[in-house]
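Next, two complexes with subunit A in common: one pairs it with subunit B, the other with subunit C.
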Partner chain A sequence: MSQIETFYDVMRRQGITRRSFMKYCSLTAAALGLGPAFVPKIAHAMETKPRTPVIWVHGLECTCCSESFIRSAHPLAKDVVLSMISLDYDDTLMAAAGHAAEAAFKDTIQKYKGQYILAVEGNPPLNEDGMYCITGGKPFVEKLRHAARDAKAIISWGACASYGCVQAAAPNPTRATPVHKVILDKPIIKVPGCPPIAEVMTGVITYMLTFDRMPELDRQGRPKMFYSQRIHDKCYRRPHFDAGQFVEHWDDENAKKGYCLYKMGCKGPTTYNACSTVRWNEGVSFPIQSGHGCIGCSEDGFWDQGSFYDRLTNIKAFGVEANADKLGGIAAGAVGGAVAVHAAISALKRAQKKTQDKVEA
Partner chain B sequence: MSDIHPGDDHIFEGRPLGAPHQVTRQTSVYVYEAPVRIWHWINAACIMVLCVTGWLIGSPPPSMQIAEAYDQFVFGYIRFAHFAAAMILTVGFFGRIYWALIGNHHAKQLFYVPIFSRRFWGELLFELRWYFFLEKEPKKYVGHNPLAQLAMFLFMTVGLTFMIVTGFALYAEGAGKDSMFYAVFGWVQDLVQNTQRLHTLHHIGMWWIVIFMIIHIYVAIREDIMSRQSMVSTMISGHRTFKDDRPD
Partner chain C sequence: MTINTPNGYTLDNSGRRIVVDPVTRIEGHMRCEVNVDDQGVIRNAVSTGTMWRGLEVILKGRDPRDAWAFVERICGVCTGTHALTSVRAVEDALGIMIPDNANSIRNMMQLALEIHDHIVHFYHLHALDWVNPVNALRADPKATSELQQMVSPSHPMSSPGYFRDVQNRLKKFVESGQLGLFKNGYWDNPAYLLPPEADLMATTHYLEALDLQKEIVKVHTIFGGKNPHPNWLVGGVPCPINIDGTGSVGAINMERLNLVSSIIDLCDEFNKNVYIPDVIAIGGFYKSWLYGGGLSSQAVMAYGDIPENPNDFSPEQLHLPRGAIINGNLNEVHDVDPRDPEQVQEFVDHSWYSYGDPGRGLHPWDGETNPKFELGPNHKGTKTRIEQLDESAKYSWIKAPRWRGHAMEVGPLARYIIGYAKGHEDIKNQVDGLLRTMDLPFEALFSTLGRTAARALESEYCGRLQRHFFDKMVRNIKNGDQSTANVEKWDPSTWPKEAKGVGMTEAPRGALGHWIRIKDGRIENYQCVVPTTWNGSPRDSQGNIGAFEASLMNTPMERPDEPVEILRTLHSFDPCLACSTHVMSPDGDELAAVKIR
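Our next item is the complex of A and B:
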């Protein structure tokens, strides 16, 4: 592995000053929620450790994860990020194509058996023996299994790899299946989102390189440092939520004032992600700040939770769509009606019995 | 099964044989002990608060501009009332379970259905026939009749357990992943994966309880009038009185 440069070497070669490098280390430590004592640790790891080889494969996806990844601001943009890891195979970003690319794929697996990290963007469709996604002339699921066999760990990038995303939305015609349901014998980190936040993606990788282990994961397998709180918990519009001040229509005064988007179907209260803290595009904004509710893109099955603009999810039953209130209201109304009719009959019966009793007496 | 049959309950024992001209004699049995009655009314109050505030949490009231957001806590108070009532209901439910263990045998009826008893199903059918106006007269019961017992079990024991479990799983979201609530109820979040589903399920659960309320109040009043025993006053005084002396 000595033939691989360290991160620091690569960064210096690319013209990054030591000062910038140290800045990067402290920013990364902050992003990971680590104390200042960890800054030299990160710097040391970057200076001495050989870069970890990464194989990045693409299944059914839209490449928004890659698009997000190359826009990471802290750790510093693309040149550093792409130098941190030794990205030996990525069919979207690599210069090689065709047979040359496939050769690089095979080489990397052979050369770094059990050493490399497999980053998966997208997921394999399992219907028709995986024929709905062919890469390099083979079903993607075969490529995934092949690459996973000798991987040290797997990163599931984005909602596709983590949960299935839009291609797995009901009725899921191609049987698009998230990675953890196909690869059962490897440690898998889910980094969900559509796409995940760039800094979250690079943060996860940096953590793994620095400490040579997986970050602490929650029950669903997501890194706790980025996914342990809801958007809602750190939302800057939260005071309006607690006050009961909501946007009622997209074009009303409340929308202009930046009130809470809860009534407009914001999924912030059920979405675990770091958008309201890390934000997007170098911390410029995030959906709620831009005036649109969270659509819950980093949650499992977010396409199947009804409209993005409804607070109460529509339940599809008996061919009609209704939310819990409509459904429950109809049921309660029916029961109430039945009770009224029953009461009427009861009264009649009782009156009838009384007359009978009188006649008998 | 003796608990649901007055004939076995020795309530007609000691009837004076030679008293033919006696006016209707009200025999009464102490059925619901104080803790059961107190629980019933606290539970009822909690459910009322939970339904109203829960509905408002799903469909918030129109925006109010009383003060600046930092000085106004309308939705916060609605949610507080919901959580406070839920905590009281939960403690009450555990207290009720405790009382089922140490109270009289009527206190246990809420928590089981004697599915292996032939007589239970037979009398359940009879009770259904009574509600479909196919029987002229209902049977007498000291505790719950079989239909009531089944309904209580499905709506209260199962229903409240479902609401408590899903409710605390939702509460765990706000309490955070290092909270006791998440440690105890986090598994529910795993089960549904996307907690938006949990909101929907919890919401449907509310309607399940509302349907129970409608039936429960109607039936209690109807039986109070039409059956051969007291209903509404029993849950206040604890005593069941009977309108006639005929057995069964």
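Our next item is the complex of A and C:
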């Protein structure tokens, strides 16, 4: 393993001084919300770690997760692939095909037993003996099980692997099944979204490489660092919601002023994701900023929750929706009152969630 | 056994059978089997789509205004093009007219996709069929720098030191013993013809393109909020324009327009300084390898796209051409009418579906899809361990669409042949210029290389069109029009009880059509016929082979066990299997019985 390049080697080779390297480590610590005590730890990890082997398999999916991954700006996708991980198998990008590809798959598993990360994009269909997704003449589910057996950990990329996504929407004709319902004996990190944000994907991977541990997960198996708050909690249009200022029709005066999209069906209030903070494509925008409501693509079963343009009143999960819907009218006259009402709603929602958590636990 | 197909191919499956599964560096799952003769020449080709997702079954009964989001997830590589096709189909069905700005914004988004997709395809999916990154280690960085300055004098990143750095990085990578994506490549195969300097230059651009592609898509992020999978809207686009009023900081304003403009410049520079020069330079070394033409000299088709004005899809108003050429007659370009039940039809004789009336072709508005997975009597292996397929029976999850009974090639090369035949000035100038530079005859276009070159030319042309629509929108805003959506028929209560429509686009990979039937405000039937369904189609009831299969025929392989030539030609189509294999059932009865988890 001695000839394997570490992060530190890579950075030094690129002309980065020791001083800059330490600065990078402290910035990384700050970005991850860690104190200065962690800086030497990060530095040590980066100086000594070889590139972790990654096997990236594809089931039923649309490849939007891979596409998102290569959009990553920090770190750049090329640096991840050349210097941080060893992407030893990925049907979408690898040079080899057919037998040579299959051999690369087997070699990696054998050589790095218990050491590699399995990244899964898409999911296995279980109907028709799995033959709705065939790879190497065999059902994809076999390949998934094979790769999972000796994996150190599994990352379920995107809504497909995490929850089933669009092919699992009713009536789920192929019986597309999320990874955690097929692989039961391995730690699985769900990184939902259709697709997940690029820097969330590379953030999860680099966290694991840097700290050599799984990120802290919520009850559903999502990394807390990116999925513990709702889009609505951090939305820059939130003050308009609180003030009862809503877009009433597409392209109306209120839309031009950037009012809240709640009445246009925005699912921000029930969607846990980092879009309103990290934003998309190097922070250029996110759906709400570009005038369309959130469709809730990182939530389980979001395809079957009614129209994307239905107000959340129709959705059970929101709880006290009737009051929230009336909010606009009330608030137009009494802004202070509206804020209070909203605070009450939020408190109620929190309480409901706690109860729900208890029930499910 | 030898078979002569109606579209002019002699298939001989007596030679050694070679299986490539998975075919990698594509979107989705695909298998290819060929028979080679004693000389290693391909005499029979079988291409198989190996996935099915059932998306249109899922669409049945849903709100037509939501359909774009579902079908957008058909493909995350050509992200957005299915969504655009879908909103066009719904607008066609309901008679909704979109505003001028919405047309310009949609065009800019679609063009950004074309450029992005072409660049990522060439550098990240296709290049390794021509370029040997391991051989790049032997290059002289100084000579590489000279080569770079010769092929592209205006590209700023061309110093010997720059190439030395990349080479060192590559060296370290290879020496680490962890070859990652390059593992088990066919790096000593004589099919790779580039000198080390060209390999180093192209590998360097692989990395440059990886950095650049994340910029191109920001056009989607600005107008659609994210990429992959930006947001769309029936009736226009969701982003409002507010150029200098209250709250304009959160809408399309001057800062956003400036960002779009800077991205358009970036694409333009890359196309002119890197992409096209690379294709010419690499192509120059492969000039003698003109295999892979397949159907392109015989039968090509395009629906056309990028309408100059909103709501007008007449052929003369489209910047990307529409038409069909059959029997190799470039003097006659037929118009294509997606509504005509006699023109576009799908066959399933060799696909894993069943029709009530076998042997017939069905127009998409009347399409049926009942999945029926079964292997032919001469297959080898078992149901879940296929060793060899039997192409005389059903062998693919892809249907076989035909235009007036003809198997057609679609995609950038098809568009460029049709544009050339129609005398499209921009296209003609580009093609003539390229052929002159490379000193090749017109017929050289009908090849794997021609397909790859047409894609590069189109990327450059799309960049110019992007600028055109940017300027057009700014002019329109200047004239006082800031409208981006028409909401007159947003409310389903304004819709007729029944309606049907069709939406068409030119996806990066070729002609894409969605057919919709709406009843009582809900989707009654939804059908997509996508580019890879055309190109990757299996045989039809008459025995015509599809474009992938035709393109592989009679290609010699240096080493039959190493499928470099097969990959090179298949990749030149930019296959998208998730797109091609998603079809539906209009009745849904059989599928409704399926157990849901």
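Basically, the second predicted complex is superposed on the first by the 270 of 361 C-alpha atoms of A that agree within 3 Å, B and C clash if a C-alpha of one lies under 4 Å from a C-alpha of the other, contacts with A are read in each partner's own complex, and residues count from 1 in each chain.
As a convention for this text, contacts are C-beta pairs under 8 Å (C-beta built on N, C-alpha and C of every residue); 3 or more make two chains touch, one makes a residue touch a chain.
Small disclaimer: the values here were computed from a predicted structure and weren't measured.
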Partner chain in contact with A:Q229 - subunit B first, subunit C second, else both or neither: first
Touched partner set for A:M22, first subunit B, second subunit C, both or neither: neither
Which of subunit B and subunit C A:L217 touches, first, second, both or neither: neither
Touched partner set for A:V182, first subunit B, second subunit C, both or neither: neither
Residues of subunit A contacting subunit B in one complex and subunit C in the other: 259
Subunit A partner contacts - residues on subunit B that touch it in the complex: 55, 58-65, 67, 69-70, 72-76, 78, 131, 133, 136, 173-174, 176-178, 186-187, 189-190, 193-200, 203-204, 206-208, 210-211, 214-215, 218, 222, 225-226
Residues of subunit A defined as touching subunit B within the complex: 163, 218-220, 224, 228-230, 233, 239-246, 248, 254, 259, 262-263, 267, 269-270, 296, 299-302, 305, 311-313, 315, 323-325, 327-329, 331-332, 335-336, 339, 342-343, 345-346, 349-350, 353
Partner subunit C, residues of subunit A touching it in the complex: 3-5, 9-10, 13-14, 50-51, 53, 58, 60-68, 70-73, 76-78, 81-82, 85-104, 107, 125-140, 142, 165-177, 181, 194-195, 198, 236-237, 249-251, 255-259, 275, 280-282, 284-292, 295, 297, 303, 307-309
Touch list for subunit C against partner subunit A, complex: 19-29, 31, 50-55, 57-58, 62-63, 65-66, 69-70, 73-77, 79, 120, 124-125, 128, 165, 168-169, 172-173, 175-186, 207, 210-211, 213-214, 217-218, 220-231, 233, 235-242, 245-251, 259, 371, 373, 381, 383-387, 397, 482-485, 487, 490, 561-563, 567, 578, 588, 591-592, 594-597
